[in-house]
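These notes open a run of structures that come right after.
Here chain A shows up in two complexes: once beside chain B, once beside chain C.
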Partner chain A sequence: MNELIEALRLVLAPDVLIAILLSSIYGLVIGSLPGLSATMATALLVPVTFYLSPIAAVASIIAASAMAIFSGDIPGCLLRIPGTPASAAYTDEAYALTRKGQAEIALGAGLWFSALGGIAGTISLVVMAPALAELALNFSTFEYFWLAFLGLMCATLVARSSPVKAIASMLLGLFIACIGMENPGGVPRFTFGITELLGGIEPIPVLVGVFAVSEVIRAMVSPEPPPLPHRRFGSILAGQLHLTRKYWRQMTRGNLVGIIIGVLPGAGADMAAWVSYAMSKRFSKEPKKFGTGHPEGLVEAGASNNASLASGWVPSLLFGIPGDTITAIAIGVLYMKGLNPGPTLFTERASSMYALYIIFILANILMIPLGIVMIRVASSVLRAPRATVMPVILVCCAVGAFATGNNLFAVVLVATFGVVGYVMERNGYPVAAMVLGIVMGTMVEQSFVTSLIKSDGSLLPFFERPVSAVLAAMTIAALLWPVFIWSWKRIRPRHQEQAL
Partner chain B sequence: MHLSDRITGSFVATLGVLAAYGGSRLPPVPGQDIGPSAFPILIGVGLILCGLLIAAGIGHSFEEEAEADLAVVEGPPEYASTKAPLTYRLRALLPPGLLLFYVVAVDRLGFVPTAAIMIFIASVAFGAKLRVALPLAALASVAIHLIFYKLLRVPLPAGLLPMPW
Partner chain C sequence: MTSFTRRGFIASASTVLASSVVGLKPSFSQSNYPNRPITLICPWGAGGGTDATARIIGQVMEQKLGQPVNVVNRTGGNGVVGHAAIASAAPDGYTIGLLTVEIAMMHWQGMTDLTPRSYTPLTLMNVDAPAIQVKADSPYKTIKELADAIKAAPPGKLKASGTGQGGIWHLALVGWLQSLGLQSNHVAWVPSNGAAPGMQDLVAGGVDIVPCSLPEARPMIDAGRAKSLAILAPERNPQFPNVPTLDEQMGPHKSVGVWRGIAGPKGLPADIQDKLVAVLKEVYASKEYKEFMSGRGFGVKWAERAEFGQFMDESDRQMGEAMKAAGLAKA
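Right after this comes the complex of A and B.
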């Protein structure tokens, strides 16, 4: 109880409240601009968090990412351009509603079910994290190795691209993580005599490069999206209680799927939305209505992507293994602020954990009023021409990267990874898998090498311990899954032919 | 920059060969079988395998499906850039070029002039008119300096144009 009161005191400090409010507005604006994703909003926020107290820093990341995921629905609904990848799954449906003159229903559903989903995800975080923390206390390097590897495999599974290319991206990330001196022998690896590379490649400049600069490059060579016609909205939340009553099953299913996908290391909000939308259509009584402006799928997918956001913090807080690219950034901030992820976080820093839960709930409640304001001013925000937004973002990338270590080499990295990210994305190599590889590389290598040293070079102990064996089986299943799907697709048409 | 799978696959495989070779040349830790070379070699082998599979076109069917799903949502992908003239496509190099300009110039010119030049060039390249680009460059660079230098205490170089704060 004392811890809860202490947590409330931490959250209600003026600097934390101001951080939540400002980063919420920031997240709403960035998320609503087409092409600027929630991950990018979070990455650009990191240099700002250096100067905040630990709780305010984490609060600003939580608030900005939650708001950005919701506000990605706005341009999707009004312009048929998803603001963030997590909205892409149901953009068509939302736009169909807008064309039918029911933009309020679509936007309201996005807002209302996002907020409810976020709260459901938070509850799962509150319930699951301490229970898993006890389990995690018994983990040794073998389990950590498989867990990290499983996370990387999940990231390749959900990439919506060729699995081979996704694995190649992931390996590329692991290779980049090898650069520097932080390795079992303490020898400079792949530094080519460049002093700046001795310390390794920091994830933040990479993230800013692949998510922000590559987006500026893409905008440079693609036509400007159409301007938004002015529109007056009716009541945003009017129909939502009715929808909640009608589709509570879909909402709960969306929440659950979102939570499960979020907890899986490596898989995040965009995957949750795709899976939930597909599921909603599969189990619907009226699947024919999907795609014609039917709110059912919106409810399920909107509930799902925000739920995954909170539960994505479970593996991050417990094991330091990011649930998605947003928590990959958050982990860096946690380390920087002395809140090192791990099961002991829940015993030693319990009040900080409670504070984190409170911030999640607060951010999701705040989302409703701020979201309504955002929807009403959206037509003005979306009118901001690219020619004014993109150049400012470019300068912010440079300053933000510089601020991470006050050295200009970070800016060179940002430029390099901007090009790398653009070329990879253009050729079907998912960049998120590479980023997770970079973030988790050191951990994977350390747990792998330490385990091998402990086992005297034998691979058997990797499969002997019970938890480790289960994790190993899951990882191998994730590796073989695409092969299974591929052969299934090959066999099935033949069966059908034979049946005919 | 749309390249064929054969080219990107060969690139990945070559990178794998280099990683494995570079890794194998690293000095071992005395008295220990497993040292800093184990992981790069493992990654190198993985990259070689992936590269060969990609070059052979395996897994491409998954990509086509994902693209078809996205095409339903976003309409046909914009292939305008591949057909567009070379000068238009070269604009892709402008953002990284401007960042490198920042690295070279910021210590000599100072933050505000460098940022103003970057914003002005980028804004004009995006098609802004002069009467938008000029005030934007002047105001945004000063505003960013104010936020990062004054509020966040990032030591941005003053250079030719020190700010009063």
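Right after this comes the complex of A and C.
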């Protein structure tokens, strides 16, 4: 109890509160600019944390990253330009709602269910951190292989185009993931002697290119779409209570999936959003409505996405294993401030630990009022003429690509993938599936090859280990399900004939 | 449009030319160097250990010099891009950088032509030796028992992880295996995305051995999941006094380790070198630097100029040997 009071005292210090507020606003703004990612927002915050007290430093990282992930949904919804690979899963859905004149429902769902998901994730961190860590420690490369494979299969589920084109896009993504020398063999592949390609192609510049830049190209070649009916932007939260009541099952499922995926060090918010969106569609009573502006998938994926963000801190805090790029940066800050990750953080420095919990909750609550303001401001972009919006987006993309690594090559990549994305979209190939391929590709290969090295080339351990066996069964079932449905449909008419 | 581009190109080309010419000659401003901000290039991304080290050095330098020292992360190409940027900067003392052990490895793999000789060595700031970790409930109690078990096991039976194929800890293991008179692949290497995932796989039962630095292994050791059998260094690490050295247990062994140091482009004028080395010496002795390094568990080691150059040459030679033995060097 004393520790809790001490933690409250730590958090309620003026410098911490100011740090939380300022970094929240910073995170919201950076995350909402198309082309600037949550990872970048966090990375650019690192030099600032040098001058802050330990708790304020970690608080600013937590607040900025949570806000940036949420506000990455804003350009996704308004302009069809997702801010993070996680929001790429449901960008089309949110944009469809905007075109239907229901932007406030889409953005409100993003905000409301992100905040609730974040709080659910934090509670899991408080209550079950040791148990979740135990689960994470049982995951070896065999389990990660199945998980990544399941993630890849979401490409066909999520896409609205033909499955063949979705798979083709995903395979292109897998090919792009092959580039560089970050592969199990440590051998440069497809680099053509270009130094910059040795490090491989990161998902973020690709994402910015295929969504943001290709959107700008589309705007250049197509006539301006009919302006949305000019009307007052409705209440953002009013519809959400109704949605919460209607879709509480989906929300809970999203939270649970998010917590479990987030806690695994090799999988993060990206996979959580994709898997949850796909799951929502698969188990929905109205799967036909998906992709046409239906909030059900948004609820589940949004809930999952932010829950995973909070539970992703479990392996980081307990074992110093980063769950994603953001926690990787956060671990660096923790070390720098003497809050070395490890179980002693939970025992010897319990008050600091409680302070982190309080900051998580605080940031997720603060997200709602700040998010509403942000949405109101950002929605004016819908009224702005396209000719003024698009050049700004292009500048943001170039600046964002350059800023994290001070590397001009990233800008070239963004431009290249802008063209690739445009060509793909024009021909009906879903770019989101390609992004998924790039995000998952490295993980599929790495976990498969290292597993085989460990098992001396035997495939048996993929099915032998208990968790692995369950995941394998799920994957194979999901693979065979369409075949089953197809044959069942072939057989059923005969049954009916017999019945007649 | 064309003429504009061409003019832009000529202008920038002449600027580059002019700056390199100015840099080669003793410049006018040398007496009052530095009279403008200094850029410190870090070849790795924000938030990592190298970035943190660069930033603490930059911060203390700034206090001592009275000029801003901006740490710039130049990432990409697995460190090649940033290292190349340091080497190709104008040698005027306004652009220096943090070199990491990769500069002694990359050219063996044919990734770049740059070697430690492509720079003006200033000061060595940090060295971390590898240590050998096993699972907490592993049957091996000492490094000697582990060594015997490795010798007794058929090639490829035992597995180790902790970095990518041909990464620094892989080479450390190869060096140790060679000193035991074994083939470089006697213990199979399982590539991973760094020491932390390697340690996780150790605890999950996926691999048997993880060679990595002690600060990297610390969270799992503190959690009671892993134990460190020996540190491959001449002396024990004061942060981990209970971990014996390999030398104590099995006799002398020269091992590869990670290091970080400050260097400038080739041809840095002597008076600027003097000034920078003097300031870096103050940084090295400062309370802030000492506290930061011990807080992260990083080892400190000092060498300056030619001495640092020799240190890099030695590291380069060791890396080359280990990489050739592991079949990773390009002929």
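We take it that the second predicted complex is superposed on the first by the 275 of 500 C-alpha atoms of A that agree within 3 Å, B and C clash if a C-alpha of one lies under 4 Å from a C-alpha of the other, contacts with A are read in each partner's own complex, and residues count from 1 in each chain.
Criterion: contacts are C-beta pairs under 8 Å (C-beta built on N, C-alpha and C of every residue); 3 or more make two chains touch, one makes a residue touch a chain.
Since the structure is predicted, the reported quantities are computational estimates derived from the model, not experimental observations.
Name the contact category of A:Phe50: first (chain B only), second (chain C only), both, or neither.
It touches chain B and chain C both.
Scan A:Pro184 for contacts with chain B and chain C and give back first, second, both or neither.
both
Have a look at where A:Ile453 lands relative to chain B and chain C in the superposition and call it first, second, both or neither.
The answer is both, since A:Ile453 touches chain B and chain C.
Looking at A:Tyr357, would you say it contacts chain B, chain C, both, or neither? Reply first, second, both or neither.
neither
Just checking: does A:Thr42 make contact with chain B only, chain C only, both, or neither of them? Give me first, second, both or neither.
It touches chain C, and chain B stays clear.
Spot which of chain B and chain C makes contact with more residues of chain A, would you?
More residues of chain A are touched by B.
If you stack the two complexes on chain A, which partner ends up touching A:Phe211: first (chain B), second (chain C), both, or neither?
A:Phe211: touches no partner chain.
For A:Tyr335, using the defined touch cut-off, is the partner it touches chain B, chain C, both, or neither? Pick first, second, both or neither.
In the superposed model, A:Tyr335 contacts chain C only, not chain B.
Just checking: does A:Phe113 make contact with chain B only, chain C only, both, or neither of them? Give me first, second, both or neither.
In the superposed model, A:Phe113 contacts neither chain B nor chain C.
Once the structures are superposed on A, label A:Tyr26 by its partner contacts, choosing first (chain B), second (chain C), both or neither.
A:Tyr26: touches no partner chain.
If you lay the two complexes on top of each other, which residues of chain A touch chain B in one and chain C in the other?
47, 50, 184-187, 406, 449, 453
State the interface residues of chain A toward chain B in the complex, per the touch definition above.
The touching residues are 47-48, 50-51, 80-82, 88-89, 91-92, 160-165, 167-168, 171-172, 174-175, 178, 183-187, 189-190, 213, 216-217, 219-224, 385-388, 390-392, 394-399, 402-403, 406, 408, 411-412, 414-416, 418-419, 422-423, 426-429, 445, 448-449, 452-453, 457, 482, 485-486, 489.
Write out the stretch or stretches of chain C touching chain A in their complex.
45-49, 51-52, 55, 59, 71-78, 80-81, 84, 109, 111-112, 156, 159, 161, 164-167, 188-193, 196-197, 199-201, 203-207, 218-220, 222-225, 292, 295-296, 328
Which bits of chain A are touching chain C when the two form their complex?
Where chain A meets chain C, its residues are 42-44, 46-47, 50, 136-141, 180-182, 184-188, 195-199, 265-266, 315, 318-322, 328-333, 335-336, 338, 340-344, 404-407, 409-410, 446, 449-450, 453-454, 456.
Over in the complex, which chain B residues touch chain A? Could you list them?
1-3, 5, 8, 12, 15-16, 19, 22-23, 26-29, 32-36, 38-40, 43-44, 46-47, 50-51, 53-54, 58-63, 66, 69-70, 72-75, 78, 80-81, 84, 88-89, 91-92, 94-100, 102-103, 106-107, 111, 115, 118-120, 122-123, 125-128, 132-133, 136-137, 140-141, 144, 148, 151-156
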